[in-house]
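Same chain, two partners: subunit A is paired with subunit B first, then with subunit C.
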Partner chain A sequence: MDAIADTIFTDLPTTDELTENPSLLTVVFEMSPNSWHSIKDQISIQDAVKALIVFLNTHLSLNNSNQVAFLAALPTGARMLYPNVKKADDSQETPLVKAGMYRHFRLVDDTILREINRELQLLLATDSEAGAESSTLSGALLMALAYTNRMLHIDQSISTTTASAISSTTSAAASGSGNDHTLGSSLLQTKMSARILVVTANDSHESKYIAIMNSIFAAQKMQVPVDVVKLGALDSPYMQQAADATNGVYLHNREPRGLIQTLSTAYFVEPCLRSLIILPTSANVDYKASCFVTGKPVDIGYVCSVCLCILSTIPELSKCPVCKSKFDDSIVAKLRRGPVLVRKKRKIEGAENGSAAA
Partner chain B sequence: MDSDEEFVDNGSGKELREHLLSPEPDGTSKRTRSKVAITSLKGANGGYSWEDEYQRPWEIVNNKAEGEQSLVYLVQQMIEARKKKILKNPTTPFQRGIIRTLIVIIDGSLTMLEKDLRPTRFGAMLNLLGEFVDEFFDQNPISQIGIVMMRNGVAQVVSEVSGLPEHHKDRIRGLKARQHGRIEPKGDPSLQNALELARSLLGSNFGDPSLGSSKNSKEILIIFGALFTSDPGDIHQTIGALAKEDIKVKIIGLSAQVAICQEIVAKTNFLSSSQTRSLGLSRHYGVIMNDAHFKELLMDCVEPLAVTKESPEAKVEDTQGVPVIKMGFPLKHSISSTTTNGLVNPNFPALCACHPTRGSKDLMEPVSVIQNQNPSQSPGATIGYVCPQCHSRVCQLPIVCPVCGIMLILSTHLARSYHHLVPLMEYIEVPVSAQYDSSHCYGCLLQFPNGSEDTLKGASSRYRCKKCSQDFCIDCDVFVHETLHNCPGCESIPR
Partner chain C sequence: MASNGFCARYIRYQFSPCITIYIPQIWGSTSHTLTMSGTSFKSTVNEYLEALPDVVQSRIYDAPATCLSIFRLLPSLAKFYVMSMLFSPKPVAIKDLEKWCQPQARRLQYESLKRLRALHLIENDKSGTHVRLHPKFQNNFRDCLTGSQAPNAFGIISTEPENKNVDIKFLDKFASQKWETILHFMVGSELPSVPSKSVLSLLKLGGLMEGPGNSAATLRITNSGFQFLLQDVNIQIWTILLEYLNLTLDLNMDAVDVLNFIFILGSLELGKAYSVTSLSETQLKMLPDLRDYGLVYQRSENSPRFFPTRLATTLTSDSMGLKTPSMVLNQTLQDAESNEAESVDTAHQESQMGQIVLETNFKLYAYTNSPLEIAILNLFVSLKIRFANMVIGQITRESIRKALYNGITADQIIRFLETHAHTQMKQLAVEKLDKKIEFDISHNINTAGGAPQSKSTDSTNAQHRLEILPPNVVDQIKLWQLELDRIQTFDGYLFKDFQNVKEYEVLCNYASEVGVLLWSEKSKLRFFVTADGMTQVADFASRK
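Entry: the complex of A and B
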């Protein structure tokens, strides 16, 4: 009996990281009105936020020192909604969530709901603004990484930098607002793990390719998995790459009504447990490059050696359309030339041989 | 310190001796007196002028201790000053040689057994080299490295030119393990032999001569521990040949500057005029001061070199234009997904075209089998890539397709290099004032210190992006410029 049990347990990979490390969950919620409008029959923003709040609360309840952060990528810019550093004036306002709730939940939920309402009202006020199409997801992602970086590395040695020296002296002033919960946690000495969850319904954020790629590489370096919930009609190739490169989970959810179900099954697994669990992964990630000029996917392309832009065809002027440097004529001529048939030569040889033989 | 000063005292001129002999009424210490004597040699910092670049933090504290300045505040400032020093990335965009072939020449001569670095110079060098290889391929995914060792008067190839970091690290590890056996540092170094070998290695360009020689930047990095070289012929001819082939040489000296090294660096980097010479020399030829400085110098070589105007290559380009490279972006082909019965079989082997002769000298095994090459990433080992031009399958990227000769890369490989070409603008420090617009770091929500009435003391601790005028803390500043390469504030502005 013991022997059987032994083999079962030794078959598992070593799980020394399975200690009770706190973990940081950063949610990046893309709130571009157009994309949510296009899927309004399936899910509303309210339902999605409800699901996310349940998800955040579950994360908080797992470990006492777990942390969450919530960012919104709005058409007006990326905002950090929780933790919030604005001066707390909401003590008089009526709470949006039940007062009897566990305090940590209440702080998080209340702040997030309040901030989302405020942002949506702002959005209404500044309606008809240009740039409703553009996405600030890259900015939110970069911000999330900057925050994660601080929580992972700097926070632990923060007693020597500006932060805690200042925050300890001004903590009296800052207390009372909800933010001292996270900002004052600099005494935390344990190792933290972190992950980022991106919830997006946007079908077009191709414009900020470099920023998204750079944030993917940064996340890879920091070993922060980027999980992606893609709602809406189309796959998002860049977010797919982000999840694939960082060992995150990418799911294209076409039936978002059961969002909380998806969140709590596929996305709830801590990064350190992921080696033990078979997760839904997309087998064929499209790493295909796209042409900088036409935007079409490229199989065989031409790359400018100065600015590394990818071109599907060599432009007529043999000049790089991005950096304006002129291409080498001889190389361009060589590339433009079609394949040369060698058979012709052989025929001549054969003819000569034949004539010689005759 | 003390012994040095005694030496100066004894050796200096008559005036100093008189000064020493004269009685001191106030009974100051000897240290203060000697300082008074050699004021002409003093730098701004109170030390000798050659010590100027080293700060003496304890003196700063002493001087200001009388004031109301708190020690904590000074420590903060020092940390920020240090981080500012670390953060010295260029902000002007250059044309850079992104596709690089770098030959690292390491010294395996007897001098490498010196113990001024721990455990020995050789051991320390190999340790750092492992880190260097990792960092190099992280920043330069479409580049290649080869390693050559100078030992016992000859040059030998440690690791042939290849784009696989694991391959090089294996060889370096092998070198470390066998250090006490055959590969122990021995004999004299020969710069000429090593440079000639490196030159011939650089000649074989990505294993494909048809790619032409003008597309990649050819570089040599020498880690040189000795102070001499014993060469079979005229090294100046070799230097001339290197310069002609536009191979750039960087040298890291482990003990002191050597004249021949200076010449190699100056000639191959085309530092002709005296002004560029001194500037370029300091950039391409460094002598280490300590362990940390060694690492710093080594990591400086990770950044791709800017294409210099002085080089004949650039002049030629002015007339001919820059090369354009045909590249293939292959499809990722996961073998486990192709199993028909729906079972996931991650260890299913497949054939690849890129390792026809691996592991066998006599070509007993014409086509090798992709197995779990490195157990650390077992799912990745069964992944193949299909060349879009000839549909042959290769097992790793980037590579020149062994069948049709097209260069195969992933778009991410190119994307990794973009930040070298489009560097992020530097943040500027916000001047000290009584009131600030921002109270928290835009990136990490760290609380900034409040403005103080006394504008002379302290720092604002805020670093502002010129484009989006958001304020960041020093940690975010470093993180954004070294890792993210994009400003979170600028990216948050809707376009």
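Entry: the complex of A and C
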């Protein structure tokens, strides 16, 4: 009897076991003029934005309670373009998208386009030489994670309810006053899931290694997949690591003309489907680290035994530049001596002498 | 491999009448075939859409709003398939579709593709090995996403100035008053006004009320009517609307037009006035009816504007996992009241949000004086004491059995109690859960099962579930239901007379992989599959 009962219980055809949670998609768009200039014969920034807007619309079309956020990594800093805190009343300005569009799409698309235009104009006005070198992608990524965290844990009762999705036009005061006693009811609700999409064309070397790695670990802990669209000529090893560690998708897109096609197939995997769908990722990920002092990528280097920071050279003061712990003088001396002694056969000895290979 | 021999046997069983097997059930979930047992409105609407004739089905994809709404109703894997084919000009090979998924997802994949085919969203091309999206759907949905559809696809906002100020508060009040009148009428409370004729006939046609004639006095609520009351507002509205759709044929209305208008309503903006000029004649005829249900507000019959209410704008949104429209409604009403009164009466507000306290000794306290709520509670609680602002009752085996005999399921009762539980119960449950998680973490009990990043989907594991109701009461209610369903029936097909074990195993394994296997007995070389899965297994067998 038990045997029969057991098989029935397990084999009962269940129709839909995938619960579909509302999800948040945060797009981090890298907008440094240099990198977009270098791929201008492949894709213009306008076309990329168009494709991204359609991609955001598709995400919104999945579920009524789905949310989107849009961040730009500008040379002057990371900026949150949508949702916009200082919401400009767009009724008096001419709309940039067609008025007949589905309301939710229209509100999002219009704000993003308007903000991007403004940022581009600001970029033109400011001295372009000022911060052209440094990339702010890491900052934008951390900002995206902070926003995701807020949406997942704190603001859920306010922002993800159907009510506020529908009454986004109502004043904030109304939702604020309803905040306290919705707390109890919001706890009943299923969790929201989130993911981040990074679009970057930057080929220059990422200098903020620590920030990037920290954001990868944060995303890993929050179980937020980081998907990366890499345009341009070179692979980006750190972004590749980010996608790999968070169960995200990394693709180096050398033919970005059909960007929307790529986005809608390869990157359209909701977090709840990640375990079911075979993700299009490459197997060989370059786990390259970079030196904490010089910022240069290293293949073989030194590692501090206390804080595990990676160094390409032996520090001058025989102190760790990050955690300030004192190194044993004799060992440092030995290490210093090492390369001098074995200059003739550097290959073998060099690897041995490093306290650890990174 | 004796494939020919097998095919012959299979055909013999295909033509034999559908065999029903009876399986005694000792422990397991039940499958009541109720008219409205669906846990979400999705299943109800989907059933209706799939049952539509092909001609109608291909016409509903003419409207972008409908395309969007139908897309939202699909299961998530089906959405993924639609999306990956949407911007692709070429048909996709069926084999490729299968390659995108992990092997363990095969059943889900089979079900999503079945759903897509049933809705005619995908169709085979001439070669038979490739599939493509329904061309009309593909064009319209793509236009909808890129914003290049017709400007009136999502309604035209009326720009004429409105002399009377219609704000969201007013609309919410209007909607809840209209809808609650219907519910109150069903439980037979004394009302100043009765719902209109059309509502009454719908309630009767839907089997929610019965009685001679259509007059308000003679109608009585039925068992399915009581079940209806236990449902979420969204499902209630859809039940009524689908009944309305069935009626359209008799009224000489175009079902496609009606359906399109319902889906358009779901995508309108709350608090905005819409012009009636973009509506078809059928849709204009619908407006007074929709006003009776509280879905739209129109100042007068001939007014050139209409306002969708919250009941309408949340039509196509998934209420599961989010706030139910009723809760939203309650909350906004409170906000409105508290804003007007300036003095925040917290006790009153809490009583509106959740008012049921359930103890481990099966005693139930409900802070309510609404006849509607008391009538619903009376369905499955034996009420003992009534005070001015609360009722006290006891959940007993008899009271639950009475409800079960009326066709109400244990899940419905539990869900109802959970959504209406008192705020304090919820807070207590949350505190308990937090403590438990903390304890597990501090004692290093890894309940997540594996590395934190290994499974992103199973973030909330089974052991850390929020238990608002006392678990012993929940279990007992479920046990009482199981007492009644010891036998469960399935329609399906029996496979037998296999020549060898290997042949049996190949088919049997396949059937269990796609999730259609109901029973198998290896020693007798027989297995039984569901009626739905028959074609799938037969296809597989003929391919071998």
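Keep this in mind: the second predicted complex is superposed on the first by the 236 of 358 C-alpha atoms of A that agree within 3 Å, B and C clash if a C-alpha of one lies under 4 Å from a C-alpha of the other, contacts with A are read in each partner's own complex, and residues count from 1 in each chain.
What we mean here is this: contacts are C-beta pairs under 8 Å (C-beta built on N, C-alpha and C of every residue); 3 or more make two chains touch, one makes a residue touch a chain.
As the structure is a prediction and not an experimental result, all values here were calculated from the model.
*Asks:* Mind working out whether A:233 is in touch with subunit B, subunit C, both or neither, as first, second, both or neither?
*Replies:* In the superposed model, A:233 contacts neither subunit B nor subunit C.
*Asks:* Touch test for A:225: subunit B only (first), subunit C only (second), both, or neither?
*Replies:* second
*Asks:* Looking at the overlay, does A:274 come into contact with subunit B only (first), subunit C only (second), both, or neither?
*Replies:* The second partner, subunit C, only.
*Asks:* Who does A:333 touch here: subunit B (first), subunit C (second), both, or neither?
*Replies:* So A:333 meets neither subunit B nor subunit C here.
*Asks:* Once the shared chain is lined up, is A:245 touching subunit B (first), subunit C (second), both, or neither of them?
*Replies:* Both partners, subunit B and subunit C.
*Asks:* If you stack the two complexes on chain A, which partner ends up touching A:122: first (subunit B), second (subunit C), both, or neither?
*Replies:* Neither partner.
*Asks:* With the two structures laid over each other on chain A, which partner does A:136 touch: subunit B (first), subunit C (second), both, or neither?
*Replies:* first
*Asks:* Which parts of subunit A are in contact with subunit B and also with subunit C?
*Replies:* On subunit A, the overlap between the subunit B and subunit C contacts is residues 160-163, 165-167, 170, 174, 221, 245.
*Asks:* Note which residues of subunit A are touching subunit B in the complex, please.
*Replies:* For this pair, the touching residues of subunit A are 75-78, 80, 83, 85, 131, 134, 136, 138-140, 142-143, 145-147, 149-151, 154, 160-163, 165-167, 170, 174, 179, 183, 207-211, 213-218, 221-222, 241, 245, 283-285, 287-290, 298-308, 310-311, 314, 318, 320, 325-332, 335.
*Asks:* Using the touch definition up top, name the residues of subunit C that touch subunit A in the complex.
*Replies:* 23-29, 31, 43, 65, 68, 71-72, 75-77, 79-80, 83-84, 86-88, 99-102, 104-105, 108, 111, 144-154, 168, 267-271, 310, 313-314, 316-323, 325, 327-328, 331-332, 334-335, 338-339, 346, 349-350, 353-354, 418-419, 423, 426-427, 429-430, 452-453, 455-457, 459-460, 466, 468, 488, 512, 515-520, 530, 532-533
*Asks:* Which residues, counting only subunit B, touch subunit A once they are in their complex?
*Replies:* 72-73, 75-76, 79-80, 95, 98-99, 138, 212, 214-215, 317, 320-329, 331-332, 334, 336-337, 388-389, 406, 410-412, 414-419, 421-422, 439-440, 442-450, 461, 473-476, 479-480, 483-495
*Asks:* Can you check the complex and tell me which residues of subunit A touch subunit C?
*Replies:* 1-2, 4-5, 7-9, 11-22, 54, 57-58, 61-65, 97-103, 105-106, 109, 160-163, 165-167, 169-170, 174, 177-178, 181-182, 184-191, 220-221, 223, 225, 245-247, 258, 260-261, 264-265, 268-278
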